[in-house]
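Labels run A, B, C, D and E following the written order; every chain starts at residue 1.
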């Protein structure tokens, strides 16, 4: 494996190296200087964020700045060896043996993962002040982000299983991080047991695929299955079982039951991470699985995904109506948002139009990322100072922390999909692609759901503006880090709506390899 | 069918029956410690299956790690949580009936798929020892997963330490 | 040896073992028993992989994907067991029970 | 010019956030809201000489340039090229008066609230200016995507205005969320319709002028199912906002709960967004579908008229009565649009049937003028109700009486507004109603006989409930020391009163502007 | 060339109105003067135009003074223009209206000063608290009447018509509110005025919407509302004769009847007459203004303006004119009967006005265009005179009730003389105006009914003649009764009698002027002079050039003249026998009451008020009857519908949700009893219900997940089999 190839693994390697460094430093400083460890983690994440475009660039004289977001693919495969292939489009044959691919989609998710990491770190600096095992927390968190990135890049059943388990295990540890807190413990054990069972079921599905095709690589499995239609039984049966594992990660309905409890129990920064990280990586795997393996049986998986999407949205939105704990409400809200994303996946039609399912999912992910993290940042800011987690305790927030109240309103509106926000753009694309691929009924149900969702999003805002401030409540101050986090997420939520072209370029670059790029 | 074939079939059924019995025991025995021991029995059965499938290295790994490490770990955990002394009544929870029904239909489905799907069948004889090839493959093709697993184990080590430390 | 015992036997054995493991995971009250169930399920999957490798692969010597996968499954199972038991012990320490049904502080 | 008018209020709102003291905010807000009023007046005054399509230093793709020949003060800028979305603003004869009315009512609303609102002043004025931006945006945007965004922007500030500053006796929070949910439920179906239009138009576009211009060779127009569904999507959103009969139940709650300035804007402008939608989107883009459904929409309109009047008659809360009167008046507007839509193609195009064309144009003129004058009249009415509430702290009609003697100036203005509202000729209400009737007798003759009964009912409930109960009869002792209107209150009402009389006596100063646009719309309708 | 300034005629009173309202509200004297100056300038200009049109002569009918410069509003490619239109009958109206109004203005300067005895017992003369308002309203009223007379388009006509309706509402309701300190009017009067004003406005409003509909249908069918273009021959013949949506009726007939509906509302004809008697609650000059000079005559003037429409309709077989005649005649006799039984001096005159209006409509109905218009002009003068005189009586005696008066001729000689002149004119006694115009109508009716050639209408014209004859007799009877009750016989109320005094000069001067007009104006159309007939009749009608044939004063004319004179004097004699011979003593019931049931019916005005459901009692309370109670119920019903049904859809869903929850609870109590009470809506119910799926037991979760995965896998399995 020559040095050049390592370049295409650099984001993950940087993060892993940084986490090892943090472990080491923590050992040496024996618990002091936890703040600097945080800074190290932040620097590592920024580094990986900057390195990704560097990998993606490819000197192209024809382009304006002679820089083209090329699509080299670093393949780590048996036959072709760890070589760098310069492909404009993703032929399965070429990448038949690849275990791990660092292509456009991976780069897209690397950017998303590193941004998630940065924002969640902003949130956790405050939270971690004065707790034990701070160094370990940051190190494990970096590993989790690395696992996310690797999940996006893996095109091999083994790699998918491994990275998924890696992310799960680190998440279990992070969820159970507050040892003395009963809820955190319970959340961790529940998350662990549910996750272990789900991944076992997924494993069984994977073994089925291996049995039928003799290979672990997605592209090869896809080729074999599309070639011979009497594999349809196996393909769908195994895919359904695999959906258990992936569904668990994304928290789609039949597999979502762990989410509300885990979100409520886990420390809030970890909840923020859980609500975005695994969900987004899960969609990366779902995209690869759908587009490369079972793409030919369009009727089946469209039906499956639409049904699951409808149940997920409706159940998520409806139950959220009666929640009074903010974290639990946001849990059900993120389940519902997963439902909207699944509409995008269900309406993938390869029509090459901008309003295609693939673009819709990636845009929705970007929009959801900033909005949800923003909302969690506000929750964290409030919880850090007042420990309030229930909506009723949010009384008169407009007086105590006007900026927080206004931002929370903005984020809630974005989640509900009210226009001047990124959430609206995401929903617009998702419903547009649904109509475009003939699933108009799905769009209608989606739209009704977003109206229902407005009700509980407004329930969060109502006490802030209308209820009187509880007596003896002094204004809420929050650290500079949280401020920067809030500013970043709010500005991005607005910018995505007002000047979406850069995001569209990134997304079309991301989907280029599937030949459904947005011209 | 020659004599060796019959013998091997008999041996397979014997081993399979033993493994399944041990598995059922693990699941049904009320006393968790006895269940732990039954689990060890199952692991031995699985190791035997590997031997029959000419994956000797894996059989040894199974015995060493599963029985040596994981089963022991589980037994320690049982002792640590003193559920040994407490004589719990039936180990089943309220929903075992529903679970039984669901799982039997799942098994039925799996069985149909197993019978139905045209699995790849190219019976080739393994002459030599495959372990060195396994080694090379591990360090060439599957080098990346190998590294990832190492980091995973490190993380687990530290994580378990954080959570369970006194 | 290979053609005496058809592949289907192994697969059905692994399916049975998987279902027993799943039943153990879903029906047992003790958390550790659930863990045992999970281990059973993972073992069943390993049997599956090794069987497919032995019967299915064109060149079982050079292409030992099944065995490699089994190996990784074992290691991950070990890691999972470690974390799982750590969690069980910490739950036991704070709630003095490992009965899964009683761990329902977080609901509705 | 239009971008300036739309975004100056937003700039004002942002500046307000940084102003220290309350009355600094109040003074600033009032002065700041006068700027868009002046700009709108200038735009309207130079209307006859409007350069046909001035490109304010912005580039419009050629087909959009051709299609928006009849809109003025156009501004174009590429916004989201991937989806073909243009930041395309433009104004024509129909939207210009409504833009002007928005700026006027906002200035008056702010001017009045400066004296009345004293707690959480900063939020009130900031939200008010954002609301103004939302409303102005809807009237000026010619791109469906932009239209939808401004449509929704208007909702949030109104929700807070009703919720926070509403009268706590009328469950303001319930009314606020009901308003928000009703309008949102309608507008999300409009979103689906917009997307459907985008997907099924040959050069994928959101541009209103483009969709109207070459509507006939667009796939969505040819396919009956899509055009009907899209039509119903838009219709639902506008009918809820309008409010048309079955969808009106949010209006009384929202009105009674909203603060005075809030309900002035709610009745004055927000109801007109629905009407504007009818004339800008439904009529030009779906003439065939609208024509086939014109009778049913007419029936709903007439029910609104008669039903609104009857329910208003049984109210004993002054504000609720005025709210239901809005349902009554808006019924006429929709009747006008339905009548214009019911014109068959050959009636619109053939020269010898020009009588039908003229009456159709009268219907649209009447509807748009009715919207404008209803904005002025009901704005005035809500101010009067607010002023009465400030003095008597009750809106119970039964407790008033003999105020004509006690507070003569207030009495005179209420008399003028009430009679304008019930459509006395010589005042604003009549001209709009007469034109609508002129148009609707042409096509929906039978329905109009019932609508005309509505006029008598309107007169009945206004005289009976408003003038009889409030002004006439024997004054009660407890109102002995009732103060008459103060300076600022009179100053708020004078512009509206002058407008009412001006429109009533010589309506052609506003109808010239509207008529120009109506002819264009009707010709476009007949183009098939 | 003065006619170019006709548009300024209404401007002067309008200007006066604006000045009074905006500037001189405080100063009563100044406002009165401004109003009078405004009306005088209008009168001067009108007389100028009148004289110029007289000079122009009869062919003014075919090409009148007309211009429509003002573009009121554009609609589509056409525009609606306003301007002025003066034809012969228009010019005569221009002469009559300002003159009578001027008299009323001068009269009301004094009338609006109230005298009352305060605690110390001495008289205080003070102006009405809203003195200037009164003059503002009557200036606006006159301005609108003048605008109506000169309007060139039916829409302009309609606008003036409706604003006049508003002014009548305001003036009738002039005393409908009272400040805390004011005591010039009592509680009952405030209540009655309040009821009367709204009744007047609403009833006329019903008439107005009929006119509005007719007007718009006319605009729809002929494409224009301009008087000059409306009656062009081809427009009238082909377009209007197409069949209208209503069966068996052409467009022309439908429009004509709708327009006549407007007149019925405004001029208080039979079905819609109930508002006029109650409108007496307003100050007397207002009653004079409304019920003599302007408002009611506007209704008749509308029929006169639209007469070509009616003529063509009757020529082409329509029955619009026949209906006008029948309703006119019936109202004449119907109102006259009620007039007999009224004790309020003003109500008698009110019913007499309704009856006389019925006369004019009957004349127009049988085609006697000239006679009808002449009677309109004459009636304006002598009815204004009667009202003002009655006002003088009330002002001095302090009460309206005739039973409390008697023998006033000594105390108020001038009022007595002028009242007598007016009464004789009303009865149609020889030298006075009424005689000539009423006789003319009876003559026309007689000639057309009995001596003209047989035509489908002769039966109706005979019926009309008989009604008019009886009505003439009854008119004489009730006028005589009025004279004897008020002026002759012994004073029945001592207090009222000694309180009575002659009215000041500003009040009796107008009476004198009107009296002179009443006596001499009749000669204008006397049999041999016939100047009026020549001027109005010769030119024919707009669009119908052939003139009204003017039959010489033949021997039949003599007979009908004596016949009508005889009827009038006979009525007077009968009245004298009942009331004059043995004057009614104080406290004695009205001798007419001896008729028993007939009297009761007439006193209760045929119980029409109760039928309509809006009877205003003497004490000012309003007795709600059938129609109004029905409307109230309907409105409460629709409000309930609005609250419960439509708004309740959401709550209804909540109710449905609760049923579902209870059903579920029945067989699974363990889960349900744990539910937090769900929100109102069904989504809330379901949410609360689904929420409990989250039982907290992770194995439960895992089971659902496994079952889900298994379900998907099995479904796919089954699907791939089929």
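The rule is simple: contacts are C-beta pairs under 8 Å (C-beta built on N, C-alpha and C of every residue); 3 or more make two chains touch, one makes a residue touch a chain.
If you're wondering where the values come from, they're calculated on a predicted model, not measured in any experiment.
K.L.:
Hopping along touching chains only, can you work out the least number of steps from chain A to chain E?
P.N.:
1
K.L.:
Enumerate, in label order, the chains that touch chain C and chain E alike.
P.N.:
A, B
K.L.:
Would you identify the chain whose Cα-based centre sits farthest away from the centre of chain A?
P.N.:
E
K.L.:
Return the chain whose centre of C-alpha atoms lies at maximal distance from the corresponding centre of chain D.
P.N.:
B
K.L.:
If you tally contacting C-beta pairs, which pair wins, D-E or A-B?
P.N.:
Per the contact counts, D-E leads.
K.L.:
Closest chain to the overall C-alpha centroid, by per-chain C-alpha centroid: which is it?
P.N.:
Looking at where each chain's C-alpha mean falls, the closest to the middle is D.
K.L.:
Using mean C-alpha positions as chain centres, tell me how far chain B is from chain E in Å, no decimals.
P.N.:
Spacing between the chain centres: roughly 103 Å.
K.L.:
How many angstrom between the C-alpha centroids of chain D and chain C?
P.N.:
Inter-chain centre distance comes to 67 Å.
K.L.:
Can you work out the whole-Å distance between the CA centroids of chain B and chain C?
P.N.:
Comparing mean C-alpha positions, chain C is 6 Å from chain B.
K.L.:
Could you put a whole-Å number on the gap between the CA centroids of chain A and chain C?
P.N.:
27
K.L.:
By the touch rule stated above, which residues of chain B touch at least two different other chains?
P.N.:
93, 95, 99, 102-103, 106, 109-110, 113, 119-120, 137, 142, 145, 149, 152, 156, 159-160, 163
K.L.:
Return the residues of chain E touching two or more other chains; collapse runs of consecutive numbers into ranges.
P.N.:
676, 691, 694, 696-700, 702-703, 706-707, 713, 717
K.L.:
Taking each residue of chain C in turn, which ones touch at least two of the other chains?
P.N.:
If we look for residues of chain C contacting two or more partner chains, we find 11, 18, 21-22, 25-27, 34-35, 51-52, 56-58, 63, 68, 72, 76, 79, 83, 87-88, 90, 100-101, 103, 105-107.
K.L.:
Please give all chain pairs that are in touch with each other.
P.N.:
After working through each pair, the chains in contact turn out to be A-B, A-C, A-D, A-E, B-C, B-E, C-E, D-E.
K.L.:
Going by the contact rule set out above, which residues of chain E touch chain C in the complex?
P.N.:
These residues of chain E touch chain C: 674, 676, 691-692, 694-699, 702-703, 706.
K.L.:
Can you name the residues of chain A that touch chain D in the complex?
P.N.:
Residues of chain A touching chain D: 353-355, 398, 409, 413, 418-420, 424, 428, 431-432, 435-436, 440, 443-444, 447-448, 450-451, 454-455, 458, 462, 465-466, 500-501, 504, 518.
K.L.:
Under the definition above, what is the set of chain C residues touching chain B in their complex?
P.N.:
It is residues 1-5, 7-13, 15-24, 26-30, 32-33, 35-37, 39-40, 43, 46-47, 50-64, 67-68, 70-72, 74-79, 81-83, 85-90, 92, 98-101 of chain C that touch chain B.
K.L.:
Where on chain A does chain E make contact in their complex?
P.N.:
189-190, 193-194, 197-198, 201, 232-233, 236-237, 239-241, 243-244, 247-248, 253-255, 257-258, 260-261, 300, 304, 315, 318-323, 452, 455
K.L.:
In the complex formed with chain A, which residues of chain B make contact?
P.N.:
Touching chain A from chain B are residues 109-110, 113, 116-120, 137, 140-145, 148-149, 151-152, 154-156, 158-160, 162-163.
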